[in-house]
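The first chain written gets the first letter, and so on, giving A, B and C; residue counts start at 1 in each chain.
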């Protein structure tokens, strides 16, 4: 069991209190017990420290809790994440290709991999060192998967797609389904073959049952560090820029290009064939119906600056009242006009 | 084949007409044939009874249909559900662990279970009496599943999650994927390990491809009797209260607590870290952006009382007209002011 | 390798330039190389032809590109789709029931089928000639699947459902999960058994992780030629008319009937038990809350004519300004009234 001193070294923090304390695990303020460390990411919860039974707390400079040992650091939330990883996350030891998995003999498998029962790995697939395929993962032919990836149960990666290193795919994520493209042929539709691929760069995480469609021609690209939540739809030929965060149930329509370090709130959507600049935040349930420049906070359908949307939304609730006002004023005006003309 | 009298006893109703009639099955008013029973849940459809070929009908007191036998009861819709279950639902006879299933030897299996081909059941899993795992269900290590549950094909339950009794999971539901949590580390994001679990209590049903994320720390909890439709997203550390109903494509963000007996219309969403009281109805596509008290009907984004939303929405359509009115009135006012000052 | 002349014959077009040119594949304007053909679907991109390295281009009559050979035809987009299919799509050669698939002996299998490893096919299932089941497809008992269908990995088809010919189901599509039906029984809910089926007619495509629920009684019907994108929810007893297009994340609630040749934009939704006429276009994120007649373009929640919605949305952004105007005018009016009465 590591000491509080060792954890402080891990995250570049300092100890106020008993640096030799052994720390078993991380727990929430309410549930922590003796031997456990908790954290305060938001100073407004500092008063909760009075009641916690934790032995130590990760906190920002300035926190006071005389009955507890403190691990003080500038970014307690990040320190919490790092300590939690250090204490409670163990990558399972590699099992190789397990009985009940079906791997094509032409597949190229790195060292230290695990392929669980129920997986099917197609022709000419490459799987990098240390990658884990949980049960029921299906990998079509000619896919390349990098090192230290985690593909959870039910993940499907279709033909020819490429996945970088340290990528995490949550259960039932679908990579490389056909994009949605049809050419009208009179009243019917003719399917446009989707012969492109999906390329997912390093350190991306994609949520459960999210779908990243393959390009019609070319590549649908999810750049380094992108984090995508559950049930998200990414259309064909979309590009998502580095470190962009996309919350659950968002839909990005085909050929749209999203910049770096953007954030999409849950259930937001964009039309296709537009560009969204870097550092754009789009509020939940918003709809982006045209290209937008960088460094903006937007909300509404169609989107507008978030502050304006807040004001407009407040006014929306009072619309019936406003209409009554206007109707009454019309009458008043007419009466006044009459009065004046009569004189 | 049961008689109409037996069905009336089953649901606590009374027969008007031929109580000895044998009833084969339930069918809709339009499609029912001789030997079949239909139902009228809404009195406004009573006239449709003239044309049905059914032999009997489940109806509320007061219904008249001289050519049919009536099963009269106070809640015809509930009686319909019970009779349909009685006549047409048979739980398949247990098959044990079938060939092509992969069950870890440490798993504890109750009596009368069925584990279909293509299932993978991990270490230290417990499965209760009478539970059925349809083909391709994946259960990670340390999961506990109760009695008489039905896990349809493609369901995934990740490590350590707990499922009560009589729970129904529709195909491809994902229980216990990682919650969406990342700590900013400069411009990049550091994954916060999601070491909590999901706990699903008795008599819950969860729809196809819905995702219930595991807690970061602690438990994401779906309480007794909750009914969740397809493609719903429940974030980490959410609590959903007893008998709450969540329609398709709703998203509940992390750490939000929902009361008992609420209803969320399709595609509605909530932000995280809020509380929603008991008996709250949220309209389809609405967005709940702050905590709300009990016993309310809400709509819109952000939500407001449903009646106000209806009025505001009607006014919305007339906004351009309203703006024209205001522009014209401005001019009129200016003219009047001029006129008065001139005098 | 086919010549440009052969491709022109395939699509009913004419060649301007070197008809004997051999064409290897289709590529986008930006990426095409010598030996490749590209296309211009939209005349506004004609200037891009200056820079392309393609050897030939599919274009509408009137296009000029002296350095390229032209394949001129009235519908270049359709021609592109047909040529792409001709050049780059090969249906894999049939493999029969592969090792690692689990097919019930009572199943009836057509000629030239492929059932990949990890598939489970239940009792009394019928699979037509030339149909492919990719790995991990689960087909419950009594399902009928037509000819030349493609069921991608992870697709689930529940008991008794019927699928026509040339149907494409993208990965993890769920056909025939229980509809969402519960009868209130005091504060609790009693499950209404969903004993109907789903029927999918010829030439339908359904996207990844989309869910088509089985009927309570009767049939949920997806008619010939319907195209459904990813993560779409179709409720029980819905009917979707021929050649209707439904974009990603749309939700259609139970018992709603949609006409022919409609289009639903992404994330749109409808309530249940309504009728939507033929040739209706519903904008993205819109909400249809009542029946609507044919031949309309609608947007908003609740929907209104699209043009009106555009105007109302523009006015919405200016609502705060409008309220200020009205407040100011109220004061002016009061002052004027005072002034007049004083005289």
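The rule we apply is simple: a residue touches a chain if its C-beta (ideal position, glycine included) is under 8 Å from a C-beta of that chain, and two chains touch if they have at least 3 such contacts.
Just so it is clear, the model here is predicted, and its values are computed rather than measured.
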item	value
Rotation in the CA alignment of chain B with chain C, degrees, nearest 5	120
Fraction-based call for chain B against chain A, same above half, different below	different
Centre-to-centre distance between chain B and chain A (centres being mean Cα positions), rounded to whole Å	25
Residues of chain C whose C-beta touches two or more other chains	118, 136, 154, 172, 209, 231, 249, 267, 285, 316, 318-319, 322, 326, 329, 333, 336, 340, 343
Chain A partner contacts - residues on chain B that touch it in the complex	102, 118, 120, 136, 138, 140, 154, 156, 158, 172, 174, 177-178, 180-185, 187-193, 195, 209, 211, 213, 217-218, 231, 233, 235, 249, 251, 253, 267, 269, 271, 285, 287, 300-302, 304, 308-309, 311-312, 314-316, 318-319, 322, 325-326, 329, 332-333, 336, 339-340
Of chain C, residues touching chain A in the complex	26-28, 31, 75, 77-78, 80-82, 84-85, 88-89, 99-100, 116-118, 134-136, 152-154, 168, 170-172, 203, 205, 207-209, 225, 227, 229-231, 243, 245, 247-249, 260-261, 266-267, 284-285, 313, 316-320, 322-323, 326, 329-330, 333, 336-337, 340, 343
